[in-house]
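Paired with subunit B in one complex and with subunit C in the other, subunit A is shared by the two complexes that follow.
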Partner chain A sequence: MSKERIKIAPEFFDIMPPEYQDLVTKATYGNEQRGWKDIGTSKELIEEHSLCAGCPESMAFRYILASLPNPEDTVMVGSTGCTSLVFPHVAIHNIHSLFGNQNAVASGLKRALMVRFPGRVKDVVVLAGDGATVDIGLDMTMQAWFRQEKFTTICFDNELYANTGGQESGLMQKGFVAKMAPVGKGFEKVRLPEIAREAGCHYIVNCTVSKPSLIEKVVKNAIYVARELGPTYLQLYTPCILEIGKNSMEGLQEMRDAEKPTERFAYKEYISEPAKQLLAEMAAKDKEKKAAAKQLASQGA
Partner chain B sequence: MTQYRVLPGPEHFLPPSAASMGIKLPNPGEGHIHGVIVPEEQAMEEAARQFLMARVPTIFPGPLVLWAWNEKAAKKATAVRHLYETIKECVAPQQKPMLIPMPDYRPKYPKINPEVEINPNHPNLTIWHNKIDCCMFVGVHCHQANLSLKIIRGGTNCFTIAMCAQAGHEDAMLSFRDATPEKIMRLAEWVRKLKGSVKPPEVVSKKEKSAG
Partner chain C sequence: METKSVIGTQNKKGQVYTDARVMMNEAPRTDAFFTGSEVIKEAVRRASVDVMIAYPITPQSEAAALIGELFAEGYIGDYFRGESEFAVMGQCAGAAFGGARVFTTTAGPGTMRAMENFPMWAGARLPIQVIVTCRGLNSPLSIQPDTLEISYLIQTGMLVWHAETAQDFYDWILKGYMVSEEPDVHLPLALCCDGFFVTHTKDTVMLTPTDMCLPPYDPYRSPVPCMDMECPPVRMMRDPFVMKSNYISYATHASWQQEVWAAVERSRKHTIAWLDGLIETENGDADILLVASGTAVSQGREAIRLLEEDGIRVGLVKIKTIRPWPGEEIREATKNAKHIIVPEFNVTGWLAREIKASIPDTDRLVAAPHVFGGMTMPPEIIVSEIKNALGIRTEVLAGRG
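Moving on to the complex of A and B:
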């Protein structure tokens, strides 16, 4: 992997908008060690965002984009919702699919990429809201998992339809009253992580985006496992501060509160046996590599 | 034969696609001016004339030439830059040639800075902001160019030229086809050749300028 494919013609470098100049000179494409710590020291793959000020989805976007192991060979598939308004500002190939269809589109895309580029690792990552993943798109979401499609599904769970003003979603908590769901939710939050496990996902995490290091770890794991074994699923709490009546600065605390041990976003993971084995092998190789590098460095010193 | 002509606008909010009005694409070795098929050399001469007559003759290079993704693209980039430099050399002081990139096609709301870039989803913003009265598209994928050319014809009075690498564009006021680096260089030669023989636009007085 390298930056070779994103070179600006030298004749036009001077007229390119500065953010494109920065992308080719200071972004972390091609850097195998890229991660959340690059934020602030390199060019991020998100330019601006069109979310409400302080929306935790913006943090989630930044951490995920910083953590993708292979951004120049990654295609993201989005769906309608607050997230979809961000994609025009993202420097990664992406497809906007019809609301709910994201996992069907991603299935075809991943298969086509495997045929078209047999020798190259191409990652497909779905990123959609809870309404798209669990309600209108549940059929497509689950069918892709049943079929063992090799891509990662990320759900930004803000527990309602935010972009259309606050309707009830399957992932909403029981009893919750939203602006356009005035009688309160009548049934429990759908247990999608458990459904994902039963539907055949190999790596599943349910958590908030309060900790960038954790997001880096789970995003990388989910992508590595999807490459080799089959579907993976991340359900990330990204509270809609607008709908729950919080200020811009309060999103982080809301996530910290929701991840306490007895709360609904307490860290939870399911890893299949083959995925456990794969991750253990990768960790061992990584350790070996680091030890070799250390030894080399000490010999050189 | 159709009576419809592809003329500078503003045509109206949703201009018809020129193809739907009966405008046909040129064959190899030809171009079109306002929808009338002409020999390529005639289109060259007219394009050069339009650049030399315009207050703000502008080239909009698109992703296919801005990014050095293969050798041919790199050669085209050199030719386009050469054309721009030639126009700059050949115009009068009151003319202001511009070279404004279209780096990609993402609908950039609300980010678009019309001073430094053009976006196919709202090209009129860049044209209005810079008062561009003649422009050439080069290195823009056809479907995006068609969209953009139609928006420009709908909402501005800009004369549009398409230096198309495929079969040409009905929706431009003047179109070439099968663009190569050599063809772009030849257009630059035409600009140089016509220098001095085309009347530049009048100098705008301060009063007229402030009246907008």
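Moving on to the complex of A and C:
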């Protein structure tokens, strides 16, 4: 999409909702340097949300949407869960279809976009809960990876089924007492990052969303690698403060506690050899570009 | 904005994009002796399909694999085997959301495995075409022809057509896209046939020229935006997420569903034009009418011939579409009939139930014979059902359903 397409006819500009005027004039579509630092100074691609006050998912959404390298040509696929209540407020095309089939939908979508727009970059990003990704949708999550589908899968891991009221999920910790786990969960947290590696993902990160700069980096990497090589996977801890009995202000501390070196969400990454090479090449090009720009600037001065 | 017609230009295989009416109604036809599966392949060759997703289940596996050959030859944009019917129908949805013309095939247990997707397709207004080569539902396992699955499909908001012959199949695959992609319809189509009887038997079919194909799908001729970030508004989901617990939300959902069914109704005019009516009658003035869909119609034709030899005149009503439902047409066609015989290839008699809900004096209707579990429907059992209705004694036939 070029920005031309969403331009408002001058005659109608003043009667358009201010929210849409801002999207056209102040959003960061087309800005290659966009990132988390734009938050608060530009029109964000997420307007409001209907999550619980203080839910870390809301931070995660803002950071991810600010970090998409190519939002004007990105389509997102969600699933049923707390995230699906946010997607109607997101200013890029997005699909809600069923609970758990997000990676199947994304496979068809990505292929259709490749058929319809050969030679153009159209990124597809899946964003779904842990129940959707690991339990009901696990076969489709993994089969998309086996097939080397070129899109990024992001899992908002809150270690339970939040939207239905806090039931046990495969990513819940062992022993946690929850609805449908009345005597505590009987088995270990499913090791999806390792499974993702074995299933063929090229770039995998397991972390929390406590640091926006880190989220920007991993989201961009995941999307660049998916574009060129194949599937990538991000598992982000977005604690459900409601179900674990925390207050609105306590989400950030909960994430900081969970990312300590011996904890479940200590930063962990896996990058395949081709992905390492690709990221190194991109970094080198970026450096060259910056150096050239600097030189140009100094010549001009 | 620049607008250019593609009609008259060539695709990468050298086929000429042709006005569908010219291609289907005026272009010269040549005959071929093909199985139903080969006929599906030949129709898809000319359908300008962007994405086909396949999964094996008898009796559609052969057709699904043949379309793979079309992909290898370059007639289809993309093709792959999904991991299950549930996944395949989700993949089809994704491709259609992204603006592709999508084709797939399934049958029996596959239809049931995929079922959650079908109302979603209709609600999201995705004009996907799925061929359903009907077969028995478990359990016990059966791969034999049986039309029970159609009774589930007709509640989904999809268009549901029931082909009798390979010729119907050929024409309706192509015409089906033209109807379901109309902006005032924009709904998925389940194009059903009776497995094996149509898929695995050879028949003479009149084909349109190989070097002509349908115009491509235009995803912007749609009542809902295409999810490709090429069209505003950008703050947009295809099907609005209205799951809130308040009256406005319920009303939105209710009106959305009503609109889906209104679109099924609006498909009527296009379908009548393309299929030459939703029903077809022969000897409609006879006192006795056989009303059927699918291959029960063919068996009915044979029964009618046998009865003619006995001096009993029977008329025929062939139902082509189950959704939209030709209720008024059937009421009109049967208004003077004294006996209405409805033979079916399933145990529950869903077609008879639909007809009963549309006509007065339902005691005229005989919901029989019913065969299922793979049994065939010899014309003799239809004959005996008709004679029975007329009070003529016949010998009891073995194998009666």
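Simple rule for what comes next: the second predicted complex is superposed on the first by the 296 of 301 C-alpha atoms of A that agree within 3 Å, B and C clash if a C-alpha of one lies under 4 Å from a C-alpha of the other, contacts with A are read in each partner's own complex, and residues count from 1 in each chain.
Just so it is clear, a residue touches a chain if its C-beta (ideal position, glycine included) is under 8 Å from a C-beta of that chain, and two chains touch if they have at least 3 such contacts.
This structure is a prediction, so every number in the text was calculated from the model and none was measured.
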With the two complexes superposed on chain A, say which partner A:20 touches: subunit B (first), subunit C (second), both, or neither. both
Check whether subunit B or subunit C contacts more residues of subunit A in the superposed model. C
Between subunit B (first) and subunit C (second), which does A:47 come into contact with in this model arrangement: first, second, both, or neither? both
Just subunit B (first), just subunit C (second), both, or neither: which does A:214 touch? neither
After superposition on the shared chain, which partner residues are touched by A:12: those of subunit B (first), subunit C (second), both, or neither? first
Go through the superposed model and pick first if A:84 touches only subunit B, second if only subunit C, both, or neither. second
Check the residue A:282 against both partner chains and state whether it touches subunit B (first), subunit C (second), both, or neither. neither
For subunit A, which residues belong to both interfaces, subunit B and subunit C? 5-6, 20, 47, 50, 87-89
Subunit A contacts subunit B in the complex at 5-12, 15-17, 20, 47-48, 50, 87-89
Along subunit C, where are the residues that touch subunit A in the complex? 50-51, 53, 77-78, 80, 82-84, 86-88, 90-100, 102, 116-117, 120, 124, 225, 227-241, 243-244
Mind pulling up the subunit A residues that touch subunit C in the complex? 1, 5-6, 20, 23, 47, 50, 72-75, 77, 84-85, 87-98, 101, 104-117, 122, 139-140, 143, 147
Within their complex, state which residues of subunit B touch subunit A. 61, 65-69, 73-74, 77-78, 80-81, 99-101, 103, 106-111, 113, 116-117
